[in-house]
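Just below sit the structures, each encoded as structure tokens.
Both complexes shown next keep chain A, but they swap its partner, so chain B is in the first and chain C is in the second.
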Partner chain A sequence: MFEVRFHGRGGQGAVMAAQALASAAFQEGNYAVAFPYFGAERRGAPVMAFTRVDKDKIFSKTLIYEPDYIVVLDDKLTGLVDVADGLKDDGMAIINSNAKPEDIELGKSVKCATVDATTVALETLGQPITNSAILGAFAKATGLVSIDSIVAGIMDIFGSRIGEKLAAKNANAAKVAYERTSVGTCKGTMTYEKGGKWLPDYKELPLGLATRPMKTPEGLVGPGSFVDNKTGSWKTFAPVHDPDKCIMCRMCWFYCPDGAIKEVGEGDAKTLEFHLEYCKGCGICANECPKDAIKMER
Partner chain B sequence: MDRHQGGETIGITIKTLPEEELFTSGHTACGGCGAPIVVRAAMKILGPNTVTYFPACCLLVFGGTYPHNAFKVPYLHVLFENSAICAAGIKQALNKQGKEDVNVVAFAGDGGTGDIGFQALSGAAERNEDILYICYDNEAYMNTGIQRSGSTPFGAWTTTTPAGTKIGGKELFKKDIPKIMMAHNVPYVATASVGHPADMLRKIEKAKNMKGFRYLQIFAPCPTGWRMDTAKTVEVAKKAVNSGMWTLFEMVDGVITLSVKPKMEPVDDYLKMQGRFRHLTDEQIKIIQGWAYKKNEMDLKFVEAFSEDKKE
Partner chain C sequence: MVKRVVTGNYAAAFAAMLARVDVIAAYPITPQTFIVEHLSEFVNDGLLDSAFMRCESEHSAMSACVAASATGVRTYTATASQGLALMHEVLFIAGSAHLPVVMPVVNRTVAGPIGIWAEHNDTMPQRDTGWMQVYVEDNQEVMDMTIQAFKIAEDKRVLLPIMVCLDAFILSHTVEPVDFPDQDKVDKFLPPYRPDHAVLDPKDPMIIGSFSPPEYIQEVRYQTDETMRNALEVVEEVNAEWAKEFGRDYGGLIEEYKTEGADAILITLGTVTSTARDIVDEYRAAGKKVGLVKLRFFRPYPTEAIRKVASKCKAIGVYDRAVSFSAGGPSWIEARNALYGYTIPVINVLAGLGGRDVTEPDIRLMFDKVLEAAEKGEAENEIVWIGTRGVKP
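== the complex of A and B ==
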């Protein structure tokens, strides 16, 4: 039996990747299951999906807490989430990153494979969707399933969702990533803080459950406390503002769904500040600017 | 008889909208979501002296997951079915406490408004409860993963109106909730869109300053459910109005006016921007085009029938 935990962001297709891997393993004569972690996640927020593969029938229905392999679709997640939590010591991490395995920090030194799946995806699909490319890296790094089975798995799962033509492009992404995967060992110098959650006892629980704005050891809670939630890591592209072209019409400021654009200064010195720690990189500001003063860059 | 009082505006525009955010950054809507554009702007106009109510919907989840919250004003949630009466109850309780100047606003999705919350909405409207009800219309049940609602347009793919060989997306037409609300003879009913911000701000301000039941339905694209580029949220909303797929009008005391005369551009451009319409056949596009023309024709007749000079 081997167990794989996928870490991605909502919209990156971690669930489809988990299913395609299960299909690949199944086509090699194994039993396999794939399932997501259910939560209130939105596109861009960290999510998980799981694949469990065995020669025999699988009866375990739990989430995977001690995976043999972790697959990370977005290396920026490694700074936010302890993706290697519970990963077996002889396990392996497969990571979408343009860095060498030796430069990856997971808080645990384990076998590690990297591939720049985002670039592969942009080249092969024209979109930064890495869920197919990363499976090529999985095949190369682990040798547990052949690249041909991965291709078959992608054709099966992606094919039924997005059609044969697009599925074939995704299968190609996996093949390209297969060739570009490097394997090594990652670093394990940093320690991840166990993320706590504010759990009030009954005396702290406000009447009618209306939380007041409060600082707790776990951070802000109550009205306005989402300011603590830095959503900027969700983005692939970031806005770059050219103040020389800008006429301070405020359209971008108005439209930004994340309130990431602020006006600063007075009179002629008035300009815009882009708070990239919140910006999700949607590109609305660049699309709506009447003076073309904003460009989205990777 | 005129049922409303107030409604005066000082003409808030994008230039004069306050900097202060009462709906903060750090909320967890998908990148490019239209709903927070509505809510950020609405909260700036409504100001701190406001109590908000939400049924289950994307906004409830991305605006607040206990104990975290993007709203800096009181924020209540009871059930999916009863937004309008819960908001009305809050308003009446505040009145009893002598806090008559508090704005009470319910924000709800199209599913929570036109389908599941409809009996409560209709009842509160008929009783002319003194609340502002804002429906952000993203044309499906998005929070639970894109199921069709009454507000989903013809031909749109959703997970419950799949596009395959037997059927090609939703086979029924979009429910005209604003007209149903007009039939309740409430003081104010208006439609708006994130693609027409000046009009949207004016209507929110006007509705804020009126008394009695006020209903606003604001077109707020959902790039995730519509399967489209997140940068195009505003652009697609503009195209909806220009093609007649969404009409901007308002009704004040039974007098209906068009806010923006639809240019009736062909619907193709609008549809092509969205993956949810990718599968459409020429036949289906023709049906949608026909629907837009017919709706426009009916809207113009409607506006004519309820114009100022037809009022006795």
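== the complex of A and C ==
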């Protein structure tokens, strides 16, 4: 039995990666399960997915708390989330990063593989979606499944969702990443703070969860608590606004799901301000702008 | 105090007026229609200062009640049968958000086949929505319990919505004498609703009903469970206060009738209780040791009270006007659960489904079955269908 925990962000395809790994293992004659765990259902929010593989039927229906492997689709997560929490001492981390394994900090010194999956994805798919590339790194680093099985797993899972043509591109991303993976040992010098979640007992919990704004040791809760939630760390691309092209139609403001666009100034001096600490880089504003006044830049 | 001859529906409407409800949001459905019609007249005639919303469906009516109650005002609606079924998903929201909406439900059979007469298969399936349920026996109790319902629901230890369940036509459309409590006495008994746990106010924002991950919902469930249990005590207190102020004592969670020295006790709910009182008198006069327990509250369920009853008799019969297919009537299932570990026979008697009249011979047969079980110490048949063609009772 081996257990893998994937860390990604909503929209990065962690769930499909977990499923494709399960399919790959299954095609090698194993029993395999893959399942998601969604937090807030928002594009860009940290999400987890899991794969469990064994020779015999798997009965466990719980989440994975002590994984043998962790796979991190977005290296910016490692500073925010204790991705190595519970990772076995002889386990391994597979990380999307352009850094060498030796420069990765996980709060735990373990075997570590890195690959710049974002660049691989941009080259092979034209999009920064790293879920297929990272599986190539998994095959290379662990040797638990062959790259051929990974390709078959991607064709199976991605193929049924996005069609054979795009699946083949993703399979290619895995193959390229396979070749570019480096394996070493990561650093474990910093310590992640445990907890950080507001978990009141039933008596402290406001009745029926009807909540007024409250300061808790774990941060703000209730209306307005978004102030604490700096979704700006989620982005790969940031909007760049061109006031000369802008006609102040406010379509971008209307559609921005994170309220990151603000109107400033008076009269003719009116313009827009993009609050990058909250902008999660979804690109919706650029897509909606009728004047092409917003460009998304990495 | 004025005595008038009125229907159960009129009593339910008048009680809401006496309770000075702030918002009424409803949709008409037979046999409840008159409740909201009367209320719309009271509002129109200037007798009641209340926002009256006629919604386009019961789903909307309950949604409006949830929203109104969440602004911290006293809220009322009424429904029946399919109407209650249509409200189903919104009932959970009122329950989990602790919004003390009061709602008479005129118990009517749920289609199909479509019918308009009394059956409890509308309210029984709602037992897990976080609503209290009280079943009443006559029009006086409709009046008195509707007023008490506000007091129980709004108690800070409870804060849960409540259904006052009355049988279709047998109460809703039947006139009988009812004492009308004085407004000033009701005002003293029932002060204005002033909540602080759930009040939507733009000046003091709060979130009600937010998206909640698994880290929170189980505690919310426990809160509902605990407050529902707290209601057991509050029901008794409110009943005692009502008895003191208005002179009518309903016994609280259950009412016992001639249970002292009874070998065979029948537990009823709703209007069958009334006819059963006559049969108890008749059997007692003939030397047969029978007694009656009127189950008033189905939620919260009075487990302790039912256990006390069981420890003083030899057999129990539980009457149901609804059936959980293949498992028995819901009230019987609950009683058997409460009586786990007791060795006396506890049988189920089913009658009056779809509004079929439950006659005196039917009720005699119920008592005979329980007496027989008391004598033998066991029952030949645990679930007895009474008055069903082709089925031996």
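Note that in this section the second predicted complex is superposed on the first by the 237 of 298 C-alpha atoms of A that agree within 3 Å, B and C clash if a C-alpha of one lies under 4 Å from a C-alpha of the other, contacts with A are read in each partner's own complex, and residues count from 1 in each chain.
Everything below uses one rule, namely that contacts are C-beta pairs under 8 Å (C-beta built on N, C-alpha and C of every residue); 3 or more make two chains touch, one makes a residue touch a chain.
Computed from a predicted structure; not experimentally measured.
Of the two partners chain B and chain C, it is B that touches the larger number of chain A residues. By the touch criterion defined above, A:G222 lies against chain B and chain C together after alignment on the C-alpha atoms of chain A. By the touch criterion defined above, A:F6 reaches neither chain B nor chain C. In the superposition on chain A, A:H275 contacts chain B only, with no contact to chain C.
Using the contact criterion defined above for the overlaid structures, shared-chain residue A:F50 touches neither chain B nor chain C, since it reaches no partner.
In the superposed model, A:L205 lies in contact with chain C only, and not with chain B.
Within the superposed three-chain model, A:Y178 lies out of touch with both chain B and chain C [touch as defined at top]. The contact surfaces that chain B and chain C form on chain A in the two complexes overlap at residues 40, 200, 209-211, 222-224.
On the chain A side of its complex with chain B, the touching residues are 10-11, 40-45, 198, 200, 209-211, 220-231, 234-235, 249-251, 254-255, 257-260, 262-263, 275, 278, 280-284, 286-288, 296.
Only residues 70, 96-98, 159, 197-198, 204-213, 215-216, 219-220, 222-224, 226-227 of chain C touch chain A when the two sit together in their complex. Of all residues in chain B, those touching chain A in their complex are 14-15, 17, 19, 21, 23-37, 40-41, 58, 61-76, 194, 197, 223-224, 229-235.
Across the complex, chain A meets chain C through its residues 39-40, 197, 199-202, 205-213, 222-224.
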